[in-house]
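Each chain gets a letter, A, B and C, in the order it is written, and its residues are counted from 1.
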């Protein structure tokens, strides 16, 4: 059971993220770049599939040169092979462009299953997984919280409003994973040492037979034009009630009349 | 000259930081309050390879270098100084001497178990009458057939209550001072070794610090570590690595104080504005941050020298001296920045204050470190 | 042709869900300002009656795809129907609700059609003939404005509760067109849908969160919050200090080292409002704070701040909520 995991390197959002004064992007100075948390869960799930069914785990990343460290982290967790598409012509590509590039890479690999994180914590978009499935012509399930495989058939669970859906999907297929699916292992120090010896295959668009016009910023169907900090919340009312009953009444009234949650 | 960390070092730092943040930080103040040994955390550290960072892979360790060790120690100590102490003793004071001076059999017997964190080790040098003047130790070891028989009392042994293997320094020769000392590997089950009183300490409350009593303790002959009479050499070379570890621990404690102080200063408002706007607070923060940077660089350089196989006694002393005084400084300033709240156990700074103090004392007091440094220049 | 705005309807058990009405509201506004029609697209099986509702809430046209294989959502069947309809009739905008199925469907359709897609849309407008959307990024630390390139169709996956629901015009009817489609049987099979009774609403989904901080003084006092939460159907969370002190488990934590939440109402009880905590809940629509310290930073972000003793106010509030619910 060969699994390919598509991963992304993102800034650590647990650290401060600041918007550039001209709104053209975020300040890159001092950012801590990490493997997207959701993709950690995807790598973990792939490793569990390998533990159960054998096979290899290959991680693929489309990103700038620094993104190789995210691949190295995945290798340190235990992935077997890594492919990095690092082409500056991809800067400004939209999700469909990235998905097309990934699909082309997958065309060169052997796989039974493709996993991705449900979303990446930089743009929180949740688009690449489904788009990739479309380009590969494969069935998909997004935001899965459980995966079982038997005889080429995957049974997955996904959380929907008010409940859980159980789906049966024939492999090969593309699944995006929710964080509730597992608890990812930490890369161990021996794992980090072993990862040092594993090769990351680096590819350009030319290696994939793709042109920047097809998948780069020129082909993008959406473009980011501005970034702003979240709206500053205006201070509301602060009151010092005469009695706790008065305080309780004010809050209950607010909940009922203004917030409309009662 | 390259100040940037390699990719592996960054990965180690990141892994250690994530583990420390998710697994250790949430329970650190509880461990301190309950004086509870972090059993699960130590197991987790072992699984990551952090209990035997520089032990080669063939002996079950992570096979990494001292720079990786320093980076990881700082992250763990930032979350919990007690856990860092447990980790540092196991790495520097137990695995390291076995690695350097052990026979092949000794390495195979002890290192894989210690590096995995399944069992812990401890270092028994100090005695009630022999602290800074360690070479005057009185514990004796006499050969009786195929057994060494040890008699004496050791104090201030970190991890003793949990340890499986004890590195014990005892006098084997009829000469006084350093030349008469040998090192031994003593296991908990050997007859005649008892862990005595568990000290009630000011800080490092989640780790145990105990008395170890040796009463006709019988140790197999092959458990001599290093050559006869070489024990003090083992002890001192061990301390070089140990001091690097403690320096990293101190940097972690100091950084904890700094980070908490920065967050608090931004939030706390007095006289109509956040106290971060007051110069008095700003200068404290600046001084803390600068010393922490310097301490970290000293620790990393000493680690790098040790990795290069170069002598690093003086650099390790400098790192330990400066970092421990920085930890005490930062913790002190931290409590002051928090004001009244700094004195309250609900806030973490008072713990840093209590934890920081020992770094100026153990593994060679600041006074001893100054002697080592001065001697190097004035001899 | 005009600039038609399509809304893919979210419905269940024969009724139209609230988010559909919100999308119809926004869709109406956009269609009207660009002389286009508002078209509601319903997929399912046995949908009689929905068309009428969609008409009353503003749809000019209801496209009706009623087929057994559409009875429950599957990616392939829905993607096939929606893609072929969009390709055939080239609407300008397609609004899709941000539901589990909507988020699953939109990227697939976008890729099939080569159409621009934006998810988590919180605002949608037109500037110089171009459609723009605003959406949260970097776990809500940044707001990004995106422009759709080209003529369309443009897909927008819209978050709930950002647009006002359409007004109802009783008796208003839409032109109903039943779409004759035979979607191929999907490869994926829906085996079962389990409804889950979650005892405690999950923090990330809850509409109302009651959260406690250091001011609660001890673990036993979280019971006060549990009682209030029970009355409000709310989830219970905390800031970092109660977690650090071991009063509550780590999964309660909201903030930089915990969860990020964006409920409609966040009730902060005995929480000072440290930046690390604000980072986790600043996406809340309304913030109510109870704290005895009038200088607590939380009051600078609260929609309603009450200075007082939480140990007195919270139980009274629980009672007051109970009383008002009984009256309703």
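Throughout what follows, a residue touches a chain if its C-beta (ideal position, glycine included) is under 8 Å from a C-beta of that chain, and two chains touch if they have at least 3 such contacts.
Computed from a predicted structure; not experimentally measured.
Among the remaining chains, the Cα-based centre furthest from that of subunit A is the centre of B. Two chains share more touching C-beta pairs than any other pair, namely A-C. Averaged Cα coordinates give subunit A a centre that lies 21 Å from the centre of subunit C. If you average the CA atoms of subunit A and of subunit B, the two centres end up 39 Å from each other. Mean C-alpha position of subunit B lies 51 Å from that of subunit C.
Taken residue by residue, subunit C touches two or more other chains at 257, whereas all remaining positions touch fewer.
Touching subunit A in their complex are the following residues of subunit B: 7-8, 10-12, 14-15, 18-19, 47-50, 53, 57, 62-64, 68, 72. Residues 75-76, 79, 99-101, 103-108, 110-112, 114-120, 132, 135-150, 186-196, 207-208, 232, 256-257, 264-265, 267, 282-283, 285-288, 290, 294, 299-309, 312-313, 316-317, 319-321, 324-325, 328 of subunit C touch subunit A in their complex. Residues of subunit A that touch subunit C in their complex: 11, 13-14, 17, 19, 26, 94-96, 99, 121-135, 139-143, 155, 158-170, 173, 220-231, 233, 235-241, 244-245, 247-252, 254-256, 258-259, 261-262.
Of all residues in subunit B, those touching subunit C in their complex are 21, 25-30, 263-264, 266-267, 269, 346, 348.
Within the complex formed with subunit B, the subunit C residues making contact are 214, 241, 243-246, 250, 253, 257, 272-276, 295, 297.
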